[in-house]
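Next come two complexes built around subunit A: one with subunit B, the other with subunit C.
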Partner chain A sequence: MVSSAVESRRRFSLGVVRPTLLAPLGIALALPLLVRFNAYFLGVAAEFVIFAIVALSLDLLMGRSGQISLGQSGFFAVGAYTTAILNARSHLDLAVALPAAAALAALSSLIVGFPAERLRGHYLGIVTLGFGVAVAQIALKWSALTNGDEGVRLETVRLFGVDVGAPLHMYYVALAVLVATIAFSFNLARTRLGRAFAAVRDSEIAASAMGVPVARTKMLAFAISAALAGVAGGLLAALDGFIAPEDFGITQTLLFFAMVIVGGLDSIAGAIGGALIVEIVSQIAAATNGLSLLILGSTIVVVALYFPSGLKGIFARLAPDAER
Partner chain B sequence: MLACRGVSVRFGGLVSVDDFDLDLPKRGIFMLVGPNGAGKTTFINALTRLCPVAAGSIKMDGVEISNVSPDQVVEYGIARSFQKAEVFGGLSALDNVLVGLHAQTRTGLDGALGLPTARREEFAARERALRALEEVGLAHVARSRASRLPYGYQKLLDVARALVSEPKLVLLDEPFAGVSEGEVHTLRDCVRRAGRERAVLMIEHHLELVMDLAVRVTVLDFGRKIAEGPPAAIRRDPAVIRSYLGTRSGTS
Partner chain C sequence: MEIIPQIVVSGLAEGSLFALAALGIIVIFNASQIVNFAQGAMGVAAAYVAWFSLTVLHLPFVLALAAAITFGFALGVSVETLLLRRLQDASTMTQMVVTLGLFMAILGAVGALCGYNPRAFPELWSQHSFEFGSVILRPQDTLNFAILGTLAGGLTLLFRHTKLGLAMRAITQDRFAARLMGVSLTRTLALAWGIGVALAGATAVLAAPVTTLTPGMMDSILIYGFVAAIVGGFGTFSGAIVGGLVVGVIDNLVKTFLAPELSLTIVFGLLLLVLYVRPNGFFGRRVAQKV
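Our next item is the complex of A and B:
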């Protein structure tokens, strides 16, 4: 059976670039040309790319490691404020501010990660929801640091010394981070750590019998997820040039949640597709003033009723042989 | 190699395993038999630290392990399968077996970054895992999601996942229960091979399998050891016939 081993080596090899991935990447790279550098569309596109990163971070946590998070906007906010404050006060380059955003968000995840060791399901949902709300409240009340409801205005945004504040530039910066996040998630799912996340999700007793430390593995999933969401938050601050507590409210957290549910759990393509659908629906909904949440809510209900496994299930039906 | 002395497990007031001694050498197939509720699975759970040991000592190669955490047990060379196949449903069969190598591999975030050291370890692990799947005759479903496999296959997968780490002691909790006629033969050969290289402690109800595979049988009843010895002697033991074999000994 040597041939099967060799075949599996080829089939399972890491970091492969598949032709099917090149088409969306080509469109993404050419998008600014397609929208004729329209600043509004570029801003929307960059926002979508940033939300797709958050959707991937949340899918890693909920889809891969089976831990619910209704507080992803909290990690997103920690990253955004870290980046904004480091920029506004210390004029720090994104090359420094984004890693700091990731680190601080990961650190903040320990607050939820500790109880997550013992809590699951609804209870973990409530704890994470509380965390998200608390972060927004802290942003509002700790005005010495955050300027309260006046928000933080960023100065010139630089990456490696180059001014990247324009939507066009931020679009490409965010896109590069998204591509890196996709590769990261893809490889993670195919190596030891990603398997340990799924093992803890599917059977804690079997996972621990295999030597997977359940509590530590759950906390690590939270930390990685938070770090990715934190970077995305930093990118949003850089893109918008201004952040305020209302950017990180409960609606935002539910939008992230919706992206993952619409996309289907434990699916990279699903998370990105879910982010795209939610972004399109919210843009349409925003145009129909006041109805935005109603339209979005209905979309979620329809998905939950008729496509319970989300886009992932639809992809699977279209290409039954392709894994994930 | 394994030395258990006076092991007791209690749930509230109920004594599930009572003052139980067990010694296992490095090689061979050892059977744990007894009626339902005799404490067989509970003893295996105590060995793998899934339930607390109220009293007694469990030593593996002279090291006390009755107080280590469940995820450390495998590092002492003890692996197990579960009575009701506890597979990781969302993972492929191959990935399930790869989790069995968790303690023997090191890759962490470097795997997500696709670094060369991680790749090398990953490929070596995959080849080991594939061989373990071949051992139980599941290589042809390596890429299938475990939750979509028939129950008998899930049981075989559970055994492959326990054996892949090449443990010193493997605990198999009714591995043949639910396995279809056709696969019993493959699994029997697999267990026999395992018994030549390592200690296999197995819970089994099927008398024919016990007689065929075991070098020694330990009989539990109400949490206590009531007999121990070679299968042929156990079969004639009056205490065993009274409490367990009873009418069945005549028919099998």
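Our next item is the complex of A and C:
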């Protein structure tokens, strides 16, 4: 705690740029070469990067601020539909559509963030779960806007006027967003806001006694998290070129949830590792419906019972000296 | 406007299901202070047991319902004994995480074993409809009322007039004192989970002919059940039943007069409103937070 207070006096830093972390970045940059530009693998890799962004957004909420969200697929869906509809109807560039996705998702988060001031624990879980289901229902039934279960098909996806529809291009676009998200998440811990998040997480009563505006802090946590998830949703719409309501059901929320729990809360590496595990299990078990849910659900139960801090905890035990 | 009585009656029949779902949630919550997010998935598993009994074993409906309830009871008892007992002192977050893990695992297991294709669930009750003036009570509605009445009545008798019921009420009030009085915490908790999941099984069996049998059939009923429980103050049986019936009527009114497809969304909006105005529901007491 003391060290983080001292650290916080430093200005914004790209603290992520450490030798041990340059290796994964190098691999990520060179990945298209390693898979010989195979479109299938690039698509899977881009999807993983997008899910890692969602996992980070959920970690911001659950790990950093102690707020539970079982409706992350709702924010993800708002971003995806915003991007898809702006693209299909108004032919807007991603440079405009993605910020719009972030803004609308953040706005939608007020629906749960506003009453969240008074809600905690189970009630917040129920309300956010209801939010996710309601968004999926709107996507399915408000056909005039969303085409209902026929989904929305995107036209040529452009970023600053350049066609980036191919999996290779979308992989690099998503990777850039992921790196920015990591840098943001890493630096958040040393800002006033980041410390307010931690204070609310650890004790709302103590936080408000110290002068932290609890209600506003919770709403901000939801808004930032939703904006990130919304951008990720927009990226997925651009990558797949097509979205439909079934991409955003309870199952998707549960998968996002699995990522942060398996990876370990309050850990950037944990969230990304969790997203990687979920993506690998989903791809391997894709042949049998339900199998990946069964495996991941059982994993969550085992993790919660025996490894309460997830992957993060397992690595910490293996290498006690390493920081998170 | 002459259709309003019909809408209200149909709403009450639909609301009976939400009331049953809410009762299951509350029996478990009162005893263990855990909200079981896997309640819907567990109910679905029990409904598949009933489906198997009806269509493969050709059992009569009463036995199929009994099979589903027994399966739900056994599932609840084993989940509590094997898993949740270890988490009695864990944080709310951890407990929620475990029930969500169970939600995924059970949903996945049902999907992997039985597939995701919807299955037609046989009509449960092929007797004639009742007519009261302009109001028609479909056989399905009568069955819903009858089962809600029987199970709610049974629960009330159990909680008011048996030692087990006394034990359950005691551990809700004060676990420590209850144990000093000789209440077996482990046995009572396991039975509470058994009863709660059995109620979820009954709910799913009653819902299945309408929704058709799919792994996701309980997703929205679970949300309605949560809404009913919250509106009812999250604690008393009468609150849960009234909450369920009210939500059912509102839902049916919204379906008829506003937007048939967005009923869940609108009911969810009402929930937010209720939570904002009265965070403890209409039947709950305000509890001061101690530091």
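In this section, the second predicted complex is superposed on the first by the 299 of 324 C-alpha atoms of A that agree within 3 Å, B and C clash if a C-alpha of one lies under 4 Å from a C-alpha of the other, contacts with A are read in each partner's own complex, and residues count from 1 in each chain.
Definition applied: contacts are C-beta pairs under 8 Å (C-beta built on N, C-alpha and C of every residue); 3 or more make two chains touch, one makes a residue touch a chain.
Source: prediction; values computed, not measured.
Novice: Tell me which partner touches more residues of subunit A in the superposed arrangement, subunit B or subunit C.
Specialist: On the superposition, C touches more of the residues of subunit A.
Novice: Looking at A:266, would you say it contacts subunit B, subunit C, both, or neither? Reply first, second, both or neither.
Specialist: first
Novice: After the superposition on A, what does A:301 contact: first (subunit B), second (subunit C), both or neither?
Specialist: second
Novice: Per the contact definition in the header, classify A:205: touching subunit B only (first), subunit C only (second), both, or neither.
Specialist: In the superposition, A:205 contacts both subunit B and subunit C.
Novice: Between subunit B (first) and subunit C (second), which, if any, makes contact with A:213: first, second, both or neither?
Specialist: first
Novice: Where does A:196 make contact in the superposed view: on subunit B (first), on subunit C (second), on both, or on neither?
Specialist: first
Novice: After lining up the shared chain so the two structures overlap, which partner does A:28 touch, if you call subunit B first and subunit C second: first, second, both or neither?
Specialist: After superposition on chain A, A:28 lies in contact with neither partner.
Novice: Which subunit A residues come up in both lists, the one for subunit B and the one for subunit C?
Specialist: Of subunit A, residues 205 contact subunit B in one complex and subunit C in the other.
Novice: Considering the complex alone, what residue numbers of subunit A touch subunit B?
Specialist: Counting only subunit A, the residues touching subunit B are 1, 4-5, 8-9, 11-12, 14-15, 183-185, 187-188, 190-196, 198-199, 201-203, 205-214, 224, 266, 323.
Novice: Touching subunit A in the complex: which residues of subunit C?
Specialist: Going through subunit C, the ones touching subunit A are 29, 35, 37, 83, 86-87, 90, 92-94, 96-98, 100-113, 115-116, 215-216, 219-220, 223, 226-227, 230, 261-262, 264-265, 268-269, 271-272, 275-276, 279, 289, 291.
Novice: Going by the contact rule at the top, pick out the subunit A residues touching subunit C in the complex.
Specialist: 62, 66, 68, 70, 111-112, 114-115, 118-119, 121-123, 125-127, 129-131, 133-134, 137-138, 140-142, 205, 249-251, 254, 257-258, 261, 288-301, 303-305, 308
Novice: Please output the residues of subunit B touching subunit A within their complex, sorted ascending.
Specialist: Listed in rising order, the residues of subunit B that touch subunit A are 48, 50, 69-75, 79-80, 82, 86-92, 94-95, 98-103, 105-109, 111-114, 118-119, 121-123, 125-127, 130-131, 134, 139, 142-143, 161.
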